[in-house]
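Paired with chain B in one complex and with chain C in the other, chain A is shared by the two complexes that follow.
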Partner chain A sequence: MENAKDTFYITLRNRLTSVNPNRTMLLRAVRRPGILVEEAEAPAAKLPLDVFVLRWTAVEMDMQLPSMLVRMTCEIHYTTAGTQANGGLDRGRALEEMDAELLQLLSPMNAQKMNYTTTQATAMGTDVFWTVPVFDSVKTLRDQLSRSVTVTVFVFQEQGEL
Partner chain B sequence: MAGDLSAQNTNGAARRFATALLRANGGTTASLQMPPLTGDSTDAAQLGLNAPNFQLLPLSPVAFRRARITLQEGEQQKYELLISAEAVAAQVSQLELTSADLLFSMAAGVVVAGKLFLIEATYVSESQGEVYLYRLLLREARGEWQLQ
Partner chain C sequence: MSTTALTVMPPVTRRVRAYFAPVDRVNQKPAIFDPSSSGQFSLDAPLSPWIDLGWIEGFTRQSTSKYAELATGMPATTQYQMRESVDATVSFRFKTWSKLSMALSAGSQHMNLLSPAVGATANGSGSKAVAPVNLATGSTATLLAMAASDAATFTAGSMVAVDVDYAGQTGFVGSGISATYVQSATSVNSDADYVRRVTFNVARVSQVTSNGLQLAQSLIASVPTSSMKVQPLLGFVDREGGSFFQEWSALFVMPGEQGERILFHYPRLQALAGAAEASTPLVAPLERIALHASFRAMPVTDANDGEQVVCFRSFLPSAMTLI
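Presenting the complex of A and B:
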């Protein structure tokens, strides 16, 4: 399952560099694309602005098939307060922009599963694939607009895989 | 009616007073858990595979106390850390950062007496436009790691 989670994140991150190369963040002294896995970073009281945050929640397994099919739920959270140049009055547009970017990041809805625990990432035998995103309604907190998007990720568990 | 635009010259007295009070009232040392100056840009670092190699940045004098809040069942205890603005300014200057806010936002946690705490909120106290004290609201981390 961990390989599928890693593959999903790296796929979205690599796509973000071409969809919007300007969406970057400085995290742990590294400038990188503005997307992160919440459970792989230091805990924070507030989610960072203008960044996609991946949060893994539910896991279900289907044992009836020759290979076990794992179904995982990934919530993608993002928050914006608009830009300084527009005094935050463009926060609706900024959120809309992130919605559109996320749709592009999630298409095509599959990727070859990779193992990133080895020094050189190695390709595995099956794909990771996911459903169309379900967009939650916008949440407004004073000057911030937030949205949560749910994607169900499927993967076949391979022999000897954790 | 015109505003009062007269200059208020600060002489640092509030800062020195706060530092002296913290030192006199059981002042101790707390350390911010900071990322290394040269970050790890590999995929493994972003996936939680590589050790983050956090470094401890000492701040002194500080006062550490239990926050007076109503406890909820199952919630971790909250604490308050009062930090001398002089100590924060010294570290902000040494790391060549633009603000204390940036320093605290970079920190992954705070270590006090070998115990890790997570930063919940940051407040400042100021006099004549000069910050003399930083207050961090901390929550006890669940991991029982002993940190030096």
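Presenting the complex of A and C:
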């Protein structure tokens, strides 16, 4: 399952660099594309602004198939307060921009599964695929707008894969 | 030493596993499963000739035997019963698609989509194929020995059909399993590739070496003969229609949670319907597509008493339960 989670994240991260190369963040002193996996970073009280945060929640397995079919729920959270230059009055536009970007990141809705634990990432035999995103309603907290999007990610476990 | 017996419990099971074996169509001999000697076989390692088709879903058996009664007297009362006919059907869904599961559920001939020759005329079940490759000596069930120049025409990951040339014969054709029945050479256009077009002797290539092709799975007809040839294939095709009825022996196993086992053995099954699929929603619009299969059970003679029967149901109780 870890290969699938890694593949999903790296796929979205790589797509983000072409969809919006300006969406970056400074994390642990490194400038990176503005997307992160919550469970792979230090715990934080607040989600960073203008960044896509992937949160893995539920997992189900169909073990009655020769290759186990795993379905994992990924919540993608993002929050924006708009830009300082516009005094935050563009926060609605900023959120809509992130909605549109996310749609592009998730399309096409599959990717070849990769093993990133090897020094040179190696391609595996199956694809990771996912559902159309389900957009939750906007949540407002003071000057910030937040949205949560749910995607179900599917993967067949290959022989010997953890 | 004595052990306390347990009171009888209802069998609890969660799934059904299917095994099939080819019927020798030429000699009309089905594969017979003996539950007294093999009933507790390892589900992951079935005995030859049984082929594991994995866990299935929607397993449904139905007896359609007809009964009649002989009534006498006034008012009439039934004095005797008799069986007018013996008939049974079985249906289920294969969860996965493979050459075998697709062929079993197709109801008629199942064909391999051989790689087409350049410029071949389009045809619904595949056009004229590229030329086959000869085998060299030293082939095994998992290694196709051939000249290095021939091996170089294949790639790792490709699929191959391995069988003899069609040479005008009539009757059942196909190595290992009777794949179809040829009525006349003209009906198959005397196509030298026809046997490879229908054969079950197919496999995935895992590695190409200068010695030949290493296969990822064993050939169903085991070690190839020197007269067999190899052709690349791209997939499979079946049709609604056709005159051939596949016939297979089948075994279905319900493993119980307490170690008991229920087995259903159908020595002869023939398709009852054409190809159909069943979809199971995952998360809309994603669906898992299963192969629907339904069969009619054909009779065999039980050697113990000469009775004509179509199905054997066996029950192997769990340890120390009262019987």
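Note that in this section the second predicted complex is superposed on the first by the 162 of 162 C-alpha atoms of A that agree within 3 Å, B and C clash if a C-alpha of one lies under 4 Å from a C-alpha of the other, contacts with A are read in each partner's own complex, and residues count from 1 in each chain.
Everything that follows uses one rule, which is that a residue touches a chain if its C-beta (ideal position, glycine included) is under 8 Å from a C-beta of that chain, and two chains touch if they have at least 3 such contacts.
Given the structure is predicted, the values throughout are model-derived calculations rather than measurements.
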Partners on chain A (chain B, chain C) - clash or fit: fit
Chain B versus chain C as contact partner of A:135, first or second or both or neither: neither
Which superposed partner A:152 touches (first chain B, second chain C, both, neither): second
Which of chain B and chain C A:30 touches, first, second, both or neither: first
Contacts of A:39 with chain B and chain C, given as first, second, both or neither: first
Three-chain overlay, vertex chain A: chain B-chain C angle, C-alpha, nearest 10 degrees: 140
Chain B versus chain C as contact partner of A:10, first or second or both or neither: first
Residue contacts on chain A - larger count, chain B or chain C: B
Smallest separation of CA atoms, chain C relative to chain B, angstrom: 27
List of chain C residues in touch with chain A within their complex: 15, 54-55, 57, 95-96, 282-286, 288
For the chain A and chain C complex, residues of the former touching the latter: 64-66, 69, 71, 129, 131-132, 152, 154
Complex interface listing, chain B residues touching chain A: 33, 35-41, 43-49, 52, 108-109, 118-121, 141
Chain B partner contacts - residues on chain A that touch it in the complex: 6, 9-10, 13, 27-30, 32, 36-37, 39-43, 45, 116-117, 121
